[in-house]
């Protein structure tokens, strides 16, 4: 399915369709909007959490409209419960579609996780076992989302703290299977790889080497917190509350060496810093992105010019 | 109801004319003070994990027993206090995070 | 559902099917007294309460924080620990039914009202109602407030019969308590305390993007109450004049426009021009 062709057919949006520029983007926070607009911040794109713009009107939509006039956006759902055992909430999906129709985002993504069960929304990205049964369920849900919104979505690999004894697929193979069976693309969260690898005792580089990276259309980067598990061993928490750590920057470079230049997002959701700090973090990612071009900077600048 | 209206067309139309001449800054004495609070923090979904392994979510709870009884009648009495024959509420202690401990000792 | 799952997990090999898995998992999330689900934890499925606790904390803490963000005045009035306890209870009794966090907590005012430990703090209910209305106003759909010039085109006789369409953000909180001053706790602790004997009413409006709160005394609150209930301008002014000498109709209309409480007006053709008696007004206030 070609996302660009489908979006250009949507008549409802007042915004032009664009691909995400191959640059660093930043997760949009309401408190940064004034700084961003006043400084005409040089940022590749902004990612928004869909649920935050599902209200009927007011400030959130006014802010997003202004941002969208100047920047491409990526729409990232956090509450679809793609990995849920029950049905997708049709009302939620309809609201999701409405947002896409209005703002015409360059990318649409969701998580390999569940958050709703028996009509209760748990406000967290909860883990699922990797079995044939859950694979079929996830693929069915992605199919449903893609057919309702009329375009391809990206699915993000999770940070997890537990595993299920019944899992008989590896996470890497599971991700490859859902993409193969549903036609979705993948959002590769490098920090999640590092967090899950540490928590479950495997090497993040092994995960990256085995991953179907040719399906990756966007990368996420974030900071994490350190805690300890039941045996006092290190347990990492996907807290999005600080800078990206050196290990994750290194894995990011490894990833880019395999994917080629890919739009990359800095996520910082807790202990939200000043706009200046966040912008610096994005510049760091931009610098690494430039170097990932085989033909270095010329390609980057042509990308930037078309953005 | 037989109440005769005390408002006449002249009064109402006159009031509209008066309103038209009023500066936007004018507010009725003792009637109103208009305030505006900033951007709502509420209602923000995100995809980050929270506080790790130790805190509220894992604490045992028993709402039927004494576990949370420190939120009792005393707590609000403590916040509401009498001054000069009038009852006042708040003062510095109201959002003092130590206040609940004070209450617990009393409770 | 949970009982079924026991039967299945007791049989040696079979892992529970996915619906049961998510049922077990979600029951244990909100209830820390339940054991963590079997087969969920470390690599071999050994239960790991600390690991599972990360999810419990994410869920419970994020929801408490969401409630606190929606009710900052209540949280500041009761203090952090009291609020945490009450919010924790609320989260287990009224978990969200929607992924839209901006509507989470809508049952909180009623929850507070029915909470025995807060029975002697009835003012909290009014503050919670005001905070709920504030947040609703913040997110509600955009609507253009009525322009004062529009009122000019009516004849004096027609102005008597004008009725107004309430703006979707508008909400009047009538209270026996100083609800405006208590609402202010979201900003800063009032230096001189709050006079608890004073009754205030709070009009919440959103003429453009920012939400406005307007403290009203009895007379002006009554005027707005009548207008928002669809009474004619003539009735609202007449009743208010009757209620109090200090009522200034010009200022009331000016305030109606400034606050953006209404969006449009039309001449009401139903000529029943009743003026509310003082007793009726007082009854109206009692109902809230």
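Per-chain numbering from 1; labels A, B and C assigned in written order.
Following the convention adopted for this analysis, a residue touches a chain if its C-beta (ideal position, glycine included) is under 8 Å from a C-beta of that chain, and two chains touch if they have at least 3 such contacts.
Being a predicted model, the structure only gives us computed values, none of them experimental.
Just to note, of A-C and B-C, the chains joined by more C-beta pairs in contact are B-C.
If each chain is reduced to the average of its C-alpha atoms, the one that sits nearest the average of all protein C-alpha atoms is C.
Separating the centre of subunit A from that of subunit B, both taken as means of CA atoms, is a distance of 38 Å. Chain centres here are Cα averages; for subunit A and subunit C they lie 33 Å apart. The distance from the centre of subunit B to the centre of subunit C, with each centre set as the mean of the Cα atoms, comes to 11 Å. Within subunit C, residues 29, 49-51, 54-55, 58-59, 62, 66, 99-102, 104, 138-139, 210 each touch two or more of the remaining chains. Counting partner chains per residue, subunit B has residues 40, 43-45, 49-53 touching two or more of them. In subunit A, the residues touching two or more other chains are 51-52, 55, 59, 78-79, 123-124, 227-229, 235, 237.
Across the complex, subunit A meets subunit C through its residues 51-52, 54-62, 78-81, 84-86, 89, 92, 95, 114-124, 126-129, 131, 133-134, 137, 161-166, 199-201, 227-230, 235, 237.
Within the complex, the subunit B residues that touch subunit C are 1, 3-20, 22, 24, 26-28, 30-38, 40-45, 49-63, 68-73, 75-77, 79-81, 83, 86-92, 94-97, 99-101, 103.
Those residues of subunit A whose C-beta lies close enough to touch subunit B in the complex are 30-31, 49, 51-52, 55, 59, 76, 78-79, 111, 123-125, 159, 222, 225, 227-229, 235, 237-241, 267, 269-270. Residue ranges on subunit B touching subunit A, taken from their complex, read 39-40, 43-53. Chain contact summary for the complex, subunit C toward subunit A: residues 15, 17-19, 21-23, 25-26, 29, 39-45, 48-52, 54-55, 58-59, 62-63, 66, 95-102, 104, 137-142, 206, 209-210.
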